[in-house]
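Naming follows writing order (A, B, C and D), and every chain is counted from residue 1.
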Amino acid sequence: MAGNSFGNLFRITTFGESHGPAIGVIVDGSPAGLPVDVAFIQAELDKRKPGQSKITTQRKESDKVQILSGMFENKTTGTPIAMLIPNEDQRSKDYSHNQDIFRPSHADYTYQTKYGVRDHRGGGRSSARETAARVAAGAIAKLLLKQTGIEVLAHVSSVGRIDAPNVDYHDAEAFTALREANIIRCADPATAEEMIACIDGIRKQGDTIGGKVSCYITGCPVGLGEPVFDKLHAELGKAMLSINAVHGFEYGSGFSGSRMRGSEHNDIFVRGADGAIQTRTNYSGGIQGGISNGMPIEFTVAFKPVATIMANQQTIDAEGEAAEIQGKGRHDPCVVPRAVPIVEAMAALVIADYWLLNKTVKL
Amino acid sequence: MAGNSFGNLFRITTFGESHGPAIGVIVDGSPAGLPVDVAFIQAELDKRKPGQSKITTQRKESDKVQILSGMFENKTTGTPIAMLIPNEDQRSKDYSHNQDIFRPSHADYTYQTKYGVRDHRGGGRSSARETAARVAAGAIAKLLLKQTGIEVLAHVSSVGRIDAPNVDYHDAEAFTALREANIIRCADPATAEEMIACIDGIRKQGDTIGGKVSCYITGCPVGLGEPVFDKLHAELGKAMLSINAVHGFEYGSGFSGSRMRGSEHNDIFVRGADGAIQTRTNYSGGIQGGISNGMPIEFTVAFKPVATIMANQQTIDAEGEAAEIQGKGRHDPCVVPRAVPIVEAMAALVIADYWLLNKTVKL
Amino acid sequence: MAGNSFGNLFRITTFGESHGPAIGVIVDGSPAGLPVDVAFIQAELDKRKPGQSKITTQRKESDKVQILSGMFENKTTGTPIAMLIPNEDQRSKDYSHNQDIFRPSHADYTYQTKYGVRDHRGGGRSSARETAARVAAGAIAKLLLKQTGIEVLAHVSSVGRIDAPNVDYHDAEAFTALREANIIRCADPATAEEMIACIDGIRKQGDTIGGKVSCYITGCPVGLGEPVFDKLHAELGKAMLSINAVHGFEYGSGFSGSRMRGSEHNDIFVRGADGAIQTRTNYSGGIQGGISNGMPIEFTVAFKPVATIMANQQTIDAEGEAAEIQGKGRHDPCVVPRAVPIVEAMAALVIADYWLLNKTVKL
Amino acid sequence: MAGNSFGNLFRITTFGESHGPAIGVIVDGSPAGLPVDVAFIQAELDKRKPGQSKITTQRKESDKVQILSGMFENKTTGTPIAMLIPNEDQRSKDYSHNQDIFRPSHADYTYQTKYGVRDHRGGGRSSARETAARVAAGAIAKLLLKQTGIEVLAHVSSVGRIDAPNVDYHDAEAFTALREANIIRCADPATAEEMIACIDGIRKQGDTIGGKVSCYITGCPVGLGEPVFDKLHAELGKAMLSINAVHGFEYGSGFSGSRMRGSEHNDIFVRGADGAIQTRTNYSGGIQGGISNGMPIEFTVAFKPVATIMANQQTIDAEGEAAEIQGKGRHDPCVVPRAVPIVEAMAALVIADYWLLNKTVKL
């Protein structure tokens, strides 16, 4: 099935395997007349690229983006924007040992069974490398949203059992500065130190650890989201769950909301200082009935630990015989620092799409 | 936007407000030749209908389904199946007091702002009544899945802080019998008693409480799910998050997986007694790389407490002036017992759709 | 496949067989706040309904439309509008002789082979009765377009070898009055007489005849149509070709344009009396590069002769044995008078959809 | 709007302007395991490329295709296939004179008005160069169809007023050999000579001429096509009408069918020599009720004359002032010889898509 597209009016289609010549994306439906700063797209990609720090994979990819279409004199023309990111450090031989064996908790077995064939070099299409294309596309969406005053901000809110306290995200620049000041991308400096130490220890043991990314969207007008199946949080949830290694999504009060009473959980409407309608609490996470209510949108995404570890593991081979596998590739001990720009990109794509959709709902 | 449809090849479109003449659904794309037992569809609807027990709303609706098309001699013909459910107990006057006021944590304010108009009688399109149409459509999907040996089973796994222990769902009939033996729809009888007592107490206080529904899909072949954006769990997540009052979705290890190490979390492949490939643990929740791996699919859905309570609440009116609102309608103290068939229906719709999609992926 | 929907943002889904209890349609994506006059919808349906005159089928259907949702105080609310048209004069026994035999140039054989089953009563889903649902939906689209000054006007331009001269369509009311003054729905009275006499003669012979409908869309702004695959005329063409019995579509110069030279065919841009940019000729049919250019949109649709005739015909039966079939149902000698409102409806649906799409193409 | 995609399960998305660095396409949804011969794709592109003969534009483009993804060991893997075709002979300066002027019967004016901006170098996205991407994608579709015995064959059936007689297309190789033996791509050698002389004369006058391409699809199984809106001929019609310069589409009896009687037009079912059900005549063009009936599919596409001519023409400029324009680019005197592979490609894409869709319609 043609499943490599996402979005309705602002729609992306990605392609490319981790060990082919390139990956890329077509952004279709971006409005014409949007100024695009290629340096901004590149900066977003740089936040996702491998080899950034001691707590990310040492695979080297410069992830330099090329724009092939859809732009004229640095503005979008309304035609599809194609972006290409060549693969550089492929080292396919690193993966030859994976040809006939299924790595535990990877997509090897399911791809092989589904398609009857698989590009066994580094995960092929199931590689997290695919997400670079999403980040490039998400950068265009972010530029569109900035024009309307919407900011999409994420940071690492948990690593293993280490949880960050609530952080203030209302000043986008300050939030981003705090977050980018450390290699884990947590906007709380003290927790960041703790998280980094944790990951570094786990890395030295050849193991991996899960974590969470929290995302905040400010400046969102009332009215985004389509009722019933295309509720705003349903589309955000799908967007997040489509990111590699994500096992959970919650917004507003989330799972803890299921333990609360209605009398505690209801968000009371009040007039703000500026006269705007707002709610006293935000258990609704900025969304009521699937539609944004003008409060900040808040959600959290749970990532499982990376499946590639350095220890020997039991498994089976392509013939179904018992086998043993050793981790050899260059992988991340924890996915969350590099996941931050991916979460932001996917969120920006959803909001841009629904912002466009919302232009057509009333006379 | 045309947002009232769900699915790709097996696709539903719903319509209807809670206080209009009827709600309904068109199921388009069901394969021809499927025997359809209307009594089965009705039985599914009966599990969702109001007025079932002391812990559900006392609104009375018989929810009798009429099939208008797509069937010939009790089999599907491949043409769209339209189903109609007339509304009976509308009592619109109960809602006249809501015309000019926004109920806290309801969709009144967001609908009014988005569309500039709203059918204020009982929530209009945002009413949970809309989910009856999903249950009717999901029943067709279930009948299709049964033909292939797939079972979709859900039960209430939490009410407030009361969590059910893990239950055995491998025998679908036994599981269902246990679950249907109590009014809360929890397959663990002892926990069920505790949950019912909890809800009944909260009901008497005029308050409401959240909860969780867990769902298990057995007999699912390897290969369902489209990589990248349309991962099986991403579509399941969207389906669940589109249900009224849902605030969270997790599959497999879910949020607790974010606290684990890779060495613990990896699901080791082994040969089962029958020679089939399976995994020792199922932290992957039956899905790897977005594709089903043949193990049971497991996920959990978190529901917030119902927003309508009996206490007086502060709010604002349509002019933005401070106002007070009293709960007067007939509502559920806890949504989860009636949510069980809705979760099953949405899951069945996703699996039926992806089962069809999977017929076209290889030569 | 879920193939019973049409449109992107303004999207319809139809259901129903000719001999079931009802047919109907869901209109999803109509903007909120549109005043809807049910009498107008009914008047459109009345132009399509059977039994209007001596040159249409004598099947009796009052085609009374019921609106089930999506409306509040006579305005659209932005939620799906469901409309139901009960079937009345079904006389299924008339068709029992068709159960095991394939009628020439009907869809019996292809449906039976594709689906393995078919509702043999009167064509089931392939019956032209399905188009009543389109006309009801198209009426909503027309009401939307009228708000923006767009008129969609069609008439019968040929019956067999009788061609109408060019007619003036700039005054919508005058055009419609002329057209509705005769039972063939041709806006040229003299030709109309000739056409009626022709059809009446053919009817008496138990035969049928083909014809053409031409359509004109005035008041369309510059900019409707999406380049490349979703060109405005490509979508109009699909819409028309999806109508029963249509065998051809041309716009602007159409097939005769293929015989012309560029120096003749180019439409020279000039300033009109009111200063607006227009073209001296309109070989482009109001569309350049797939996008409306502000000139009237002009296209013509060719209908084959109705396949049901009164003469005996050779055919084969369900076992593939030679058989003979006699026409017995009540059918039209020529489809075009009743096709006029269908062509208009489908055109209005396309224009309404593309008018909404065009709201999102530039900043 | 995201309008640069075509197809449902077998879906393409194209990008690129005529004067940017490259054009290209992503083919998503091709089944895994399909052997792909890159030389075949290139050969298809060579039939479309400019500079082939004296009767095509002298613009030089080698149109060398690069495959970036979706292939492993020369077979498709089920993941998206990205193909890139670099632009070479761009000569943008040739077009600088077009910046502030609207060429008659081009898309300059409509693009400028729709988007507020346009890449004025050679038509940007509205250039026929975009069709190279379609031909590359169509080649993959053709390879898929060949596996199932389906052949898609087109040739030039008219140039101006010169019409080819009916040709025999049942032997695909013989048909193709005859067609490729002349530069106009007409499978009737005598008519080909006449057509070439006609075009050459018109070219010397600096003028252009329209023409028609007819297409035949053999080996198509019964059952392709979705009833109602997605009839097989409706989708073929949209596909053809989306090709630059197309003004008309007809299938089977087409426009001439509108002049016939039912008693002449009905296709009588008979048993063929091999026992298969066929029809004596094929006025239905291989499609009944929107579904293929096993007979050859036959349709014809009308192309207007190319708008770029060598004579001076009146027009207006971007300020709406009267202006004069001279044709200076390198363009085709008649589009049909290069349109043949484009028509075949679009037809193959439709048939491949509907062949996949048809796998899911019955149990």
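Here is the rule we go by: a residue touches a chain if its C-beta (ideal position, glycine included) is under 8 Å from a C-beta of that chain, and two chains touch if they have at least 3 such contacts.
Computed from a prediction, not measured in an experiment: that's the story for all the values here.
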Query = Same or different for chain B and chain C, when you check if over half of the residue numbers at their contact belong to both copies?
reply = same
Request  = Give the chain pair, either A-D or B-D, that is connected by more C-beta contacts.
outcome  = A-D
Computed distance of Cα centres, chain D from chain C, in Å = 26
Query = Taking each chain's centre as its mean C-alpha position, how far apart are chain A and chain D in Å?
reply = 39
Ask   = So what's the Cα centroid distance for chain B and chain D, whole Å?
value = 46
Query = Can you list the chain C residues in contact with two or more other chains?
reply = 1, 3-5, 8-9, 14, 29, 32-33, 78-79, 114-117, 125, 227, 357, 360-362
Ask   = Where on chain D does chain A make contact in their complex?
value = 1-5, 7-11, 13-17, 20-24, 26, 28-29, 32-33, 66, 68-70, 72, 75, 77-82, 84, 114-119, 124-125
Ask   = Contact residues on chain B for chain A in the complex?
value = 1, 3-6, 8, 14, 102, 104-107, 109-111, 113-117, 125-126, 130, 158, 160-161, 202, 207-212, 222-223, 225-231, 233-235, 237-239, 241-242, 247-255, 257-271, 275, 277, 279, 283-285, 288-293, 302-309, 311, 313-316, 320, 322, 357-358, 360-362
Key: Residues of chain B defined as touching chain D within the complex   = 9, 29, 31-34, 78-79, 144, 147, 227, 356-357, 359-363
